[in-house]
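As structure tokens, here come the structures.
After this come two complexes, each holding subunit A, first together with subunit B and then together with subunit C.
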Partner chain A sequence: MMSESIATIKAADSAPQVKPKRPKPKSMLMLAEQSAALFENARLAKERGEKVGWSASIFPQEIAETLGLNVLYPENHAAGIAARHQADPFLQECEGPMGYSNDLCAYAKLNLAYTSVLNNESAIELPDGGKLVKPDFLLLTNNICNQLTKWYENLARQLQIPIFFIDTCYNPWDYVTESRVRYVRAQIDELIKNLCEFTNKKWDDEHFKEVMKISQRNSFLWERANNLLDRKPAPLSGFELFNYMSSMVCNRGKTSSTAILKQLNSEIEQHIADGTSTFPVAEQFRISWDGIACWPYLSHNLRTLKKYGINMVASSYGKAWAIEYDDLDGMARAYCFASTNGDNASTMIERRLEALKRFGCEGTIYHVNRSCKVMDCQMMEVQRQLAKAAGIPFTSFDGDQADYRNYSEAQFETRIQGLVEVMQQNKEDL
Partner chain B sequence: MADLHTNIESLKQACQNPRAQLDKYLAEGKKVIGCFEPYTPEELVHASGMIPLGLWGGQTDLKLVKSYLPPFACPIMQANLELGLNGTYQGLSGVIIPAICDTLRCMTQNWRFGVPDIPMIPIVYPQNRASEASTDYLISEYENVLVMLATITGQMMTEKALCRTIEIYNEHNAVMREFASLAVKHLDIITPAIRHAIMKSALFFEKSEHTAIVKEINESLNALPDYKFVGKKVILTGITGEPATFLEILAKNKLAVVGDDLAQESRQFRTDIPISGGGGLKRLALQWKNRTCCSLIHELGRPRGSLLSELCQQTQADGVINCLMKFCDPEEYDQPWLEADLKKAGYPCLTVEIDPLNTSFEQLHTRIQTFAEML
Partner chain C sequence: MYTLGIDIGSTTSKAVILENGKKIVAHVVVPLGTGTVGPVRALAEIFEQSGISHEQIAYTIATGYGRLICAEADEQSSELSCHAKGIHLLLPQADTVIDIGGQDAKALKLSPLGRLLAFQMNDKCAAGTGRFLDVMARVLNVPIEQLGPLSAASKQPAKISNTCTVFAESEVISQLSAQVPLADIAAGIHNSVAKRVAGMALRLGHPVCLAMSGGVALNSGVVQAMEKEMGCPILVDPLCQSAGAIGAAVLAYEKLLQAKERR
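Entry: the complex of A and B
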């Protein structure tokens, strides 16, 4: 969930060894433009006196898009700050003067501290000049986790602004019950009405249908790009797909995302046609990555995996934004079922098993993300069942999506080494 | 009528050994359903002719659970799953787990696979209670629970039974609230640990039985002259005020508990089920809408600070102890706000980390001693 290129992060990390940089593909340049435009448009809207929102990352973005509202994404923004190694002052401020526990989600801690600066309650220097402009309203869903609800409640009180909330309800069953669909659909209707009143915008069904079509097209293109990594060897270094997630998270209903994803698909196809890959070494092993990227140590993760020729060809995380539906009821159902964090273990295992098979994975790496209890607290059971069903080994490592203090390079290296030994043995046994 | 001491002792015993309560009900030929904290529709279990038994962990060595939960998971959930895995909860006909926080979402699945011989009944309470549709949704969740309970009893619950249960639960709430106000006048007898035992024991009894015992306690207290307490008075807020050693430390430092906003105690009793407004299930759903000031229920404005200030005023408390459950993120988000609101209202607040599995209390003792001196 970030717009920074991995190439940039790598360069910052490995300063002493100056290597010639691979030129950025066109899709990445388009992505950078889109990301800059998102923040700039929000700034300009604010200047014009229009209302600007902040949104949870799997909120139905199509609603704000239909109304022509400018909306920014704190999770995406926090990931960017963490990846640029700028999180420290925010974490210190949140756990220090602001009085929050260090047990909380690091995205939330980072954003709550950033907000205190926007609200003139803190004097931390904003490394990006405050491009995440102060919101006038909040768009909330809890399909990712319940911490988002608490985090946004605090923002609402801190900034004295309203929350527009869609409670998607956890799915303990293997499908979204019809009563959930009805409840969520009713909330969508109420939310549209209330948001129109608050922002003085008018809902246009025809425009919504257009946005929905664009969103569906983007979901298709995103899924297609992900699926092209099923080629052996994969045409892309799988981590690079994380870069494009901002297109799906923040701009899912926009034609600019269609252009980026079409470009990305054609670049991948070109690699397939040429027999090339952006993965810099020979692909020895294909693995699946479970959990959010460990943004503060992305370059270390990549370097370590590259050392053994491990390419991450499947991820449980990015595909959460491939959301498919064709009407408002379908939208309600789709957003209830989008994130595996909101689904029961059977659904989670089924989706992962399908991916492991499709992409020919030889192992799985689980990121025990200290920020994310909903991911961690059922991961061990999922690991056991999945390893048995797929017949492939796994390893896990301790990390965090944004708090650099919860990671050990040595542990990551040892765990990967152990996984490689088992995967190697499996290859030899074949 | 049993005397005050005997009644208090029987409730203390139930808290110290909930397993004995389970065995007692099983011996009576009753079926028992375990209810995870903090909110489950106990009334549906009761109206289905079974006994709802609260599952709030307990001090136990964590062994088997290490294959399911990371070390930074809620200690109550760690203990509950350990006790499920090691067979301590054998005899339960099922458990109800509310997916009300991120850890509890996962607990539904860990239990399902880890303890397959005790069926898991999930419930997901609606959080957007401002939406009218949340009531119908919650009713449908209750109906799912009822269907699963019926597979255990072999019978469907009746509306008449549910209406009677609602009366029993509302009466119990009233009796518990009466106890809380009487306790303040008898702080020589109702020490922090005894107050806690009387409150917590409600989780381990069929409710009308518990009502009968607490009614007798209330009568006994009413018959005694008021006691003039000379120490300082505090309110507890949080999930639980356990383990008992924590409460003993309060007493040692001449701190009396005169009120609480604990999920295990007063949050259980402060919201009645409406006596009108529809059938039993609808009224239960309306009770959920009326619940307030709980970290696990979405609500705007962070109102806990105001509630606690009012409680301090009503009970003439000198301050508040925030019993912050270890690794409880919903409570952690409330903490800075309730501390700031209390400070603004002029009430000192001490936040202590609560770990029911803890066995070392030196640091806690020092912090409470300092707080007591400051008060």
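Entry: the complex of A and C
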């Protein structure tokens, strides 16, 4: 995940300036502790002979939390490896000896190769010492991606472990029909029963209610932190919010996330009160970011945007984890609508249009992510309709969420500079 | 008042001196791009050709892939805005510009005043760019400037893949082995470029008046194939290859005017 140090400046200052590096804010330190604890607890559970799971990123985390299961998140883990520029041997192994296609999602490629090491089928050195411990079961939903089902099927076959799966279906409308709620709810009930049997855990409705309450509180705090970026200038460099996504992806039902997000909210509020921002130069342009972060080149993305005074104040990506509901039926409904990949185009455009207006965006950057064909498939039409409806320019760039080979620094900068020139003209025309 | 525009591309360096933002005093094209002596040579040649000294230049803007490392420039601007400005000076009626450069292709939507409103660029792949044509000309053993005239004699253009330069190269070699006439292969190559670039350009909508800029616009075969794919005639100015440098010089002039107004 992103680990840029944070420099605070007076938001009103106009000239770009270099500030000495400041210590990380308390919320980031808490986040690092939480992340370390997640992996360490899983390792200790494994040592005690307890069953440990791997989960898709928008599986109802509250189920595992209620049962007290230790669960790790391959997508989040793969993003971390990619962001630390450690992906190469895994990509080579997956596409070479393992025989997978180059066209697969790079999270999948990284994780399948990592798994082959855990399963003693490959000798790649694990840069993190194998902290993503070998799973005993898999938790899967297809609300974010359908390739995950094949990825997890292969993991299940490779490791001879079960998958606990919820099929959420596609969203042809902007609401979830009651028949679908019944369909998903029935699967949730069955999954809880089977998971309890497999892990020797007991479902406790009262505890579930507590976890749900915590999860709702966290979703509220996460959304609130995101929404505070509607201030002008924004109190935070928008990319910093990507750091905190592990709290929402991996620890959504935990009180440690509540503490982190409360701390984050108070730090943002302090910036607003002081008229400061963690965006290190004067905010000249406000943009929205469409698509997953380009983790292998996050620092190049950030450096380039900073150079032109562009702050990313709205993102469709991070907010996917602000999931709101208050019972198991509500859970079924909410998890059907958790990701843009499951949304129909008109719902997607409507949500983005609302965000562009709320956050005062002057342009949009679309990450054409080679790993995620479904996202790219809708992107062209979303660009066209959204630019027309919002009357703001956009640019797109080729990249990848984890495969460093699919990006060109020079091409990225040319596109960003072109977007800046159009946004600047638009400002002058006002 | 003289302004200088320098466009340092991936394969060529272009320089233009403009008088009062309108009159082209001198222009040079050196077939060497960024990271070579091309930019230095282009500057030396433009001063020699024009008889204007470096000191007489009021402002310089660099564009193109090498723009960020051009020490002589007062400022740098993206080639997107520069091609828009350059074509607007040469062909003010154009509302859409397609620029096929050495390693990228762009489609630009212009306002009636020549402002850049929106743009599309090719993806990371080199298919549909000048580099693609260079590779194909080398395989055919034909000088790049002969590719256009050669394709004019084609009776049945060959089918060439438009998705990958490497695949297209092996396809061309297969066509050569099958003794397909060079003219048909050349026409097939142009169609391949045109299909790919038109697919991108039409995302901006159908043009009212379309112009092409960049060195590839000098290839009559590509222009004809583009006209067919875009379904409209294409304007090409003889100075199309220098459009980016011209635009940079126009922008340099506009910057000076803005600075004066602020004073």
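Observations
The criterion applied here is as follows: the second predicted complex is superposed on the first by the 410 of 430 C-alpha atoms of A that agree within 3 Å, B and C clash if a C-alpha of one lies under 4 Å from a C-alpha of the other, contacts with A are read in each partner's own complex, and residues count from 1 in each chain.
Note that in this section a residue touches a chain if its C-beta (ideal position, glycine included) is under 8 Å from a C-beta of that chain, and two chains touch if they have at least 3 such contacts.
Not measured: the values here are computed from a predicted model.
After overlaying the two complexes on the shared chain, residue contacts for A:Val211 are found with neither subunit B nor subunit C.
In the superposed model, more residues of subunit A are touched by B than by the other of subunit B and subunit C. Of the two partner chains, subunit C is the only one touched by A:Pro393; subunit B is not.
Looking at the shared chain after the overlay, A:Ser408 reaches subunit C, while subunit B stays out of its contact range. Judged by the touch definition given at the top, the superposed model places A:Met380 against both subunit B and subunit C. Look at A:Gln425: by the touch rule set out above, it reaches subunit C but stays clear of subunit B. In the superposition on chain A, contact is made by A:Val368 with both subunit B and subunit C.
Within the superposed three-chain model, A:Ala334 lies out of touch with both subunit B and subunit C [touch as defined at top]. Using the contact criterion defined above for the overlaid structures, shared-chain residue A:Gln187 touches subunit B, although it does not reach subunit C. The intersection of subunit A residues touching subunit B with those touching subunit C, taken from the two complexes, comprises 368, 380. Residue ranges on subunit C touching subunit A, taken from their complex, read 65, 68, 77-81, 104, 115-119, 121, 123-124, 203. If you check the complex, the residues on subunit A that touch subunit C are 368, 380, 384, 387, 393-395, 398, 406-408, 410-411, 413-415, 417-418, 421-422, 425. For subunit A in complex with subunit B, the touching residues are 98-101, 103-105, 142, 145-147, 149-151, 153-154, 156-157, 163, 165-167, 169-170, 172-173, 177, 179-180, 182-183, 186-187, 190, 341, 344-345, 368, 370, 372-374, 376-381, 385. If you check the complex, the residues on subunit B that touch subunit A are 67-70, 72-73, 77, 99-103, 105-110, 112-114, 122, 124, 126-128, 130-134, 136-137, 140-141, 144, 295, 298-302, 324, 327, 329-330, 332-337, 339-340.
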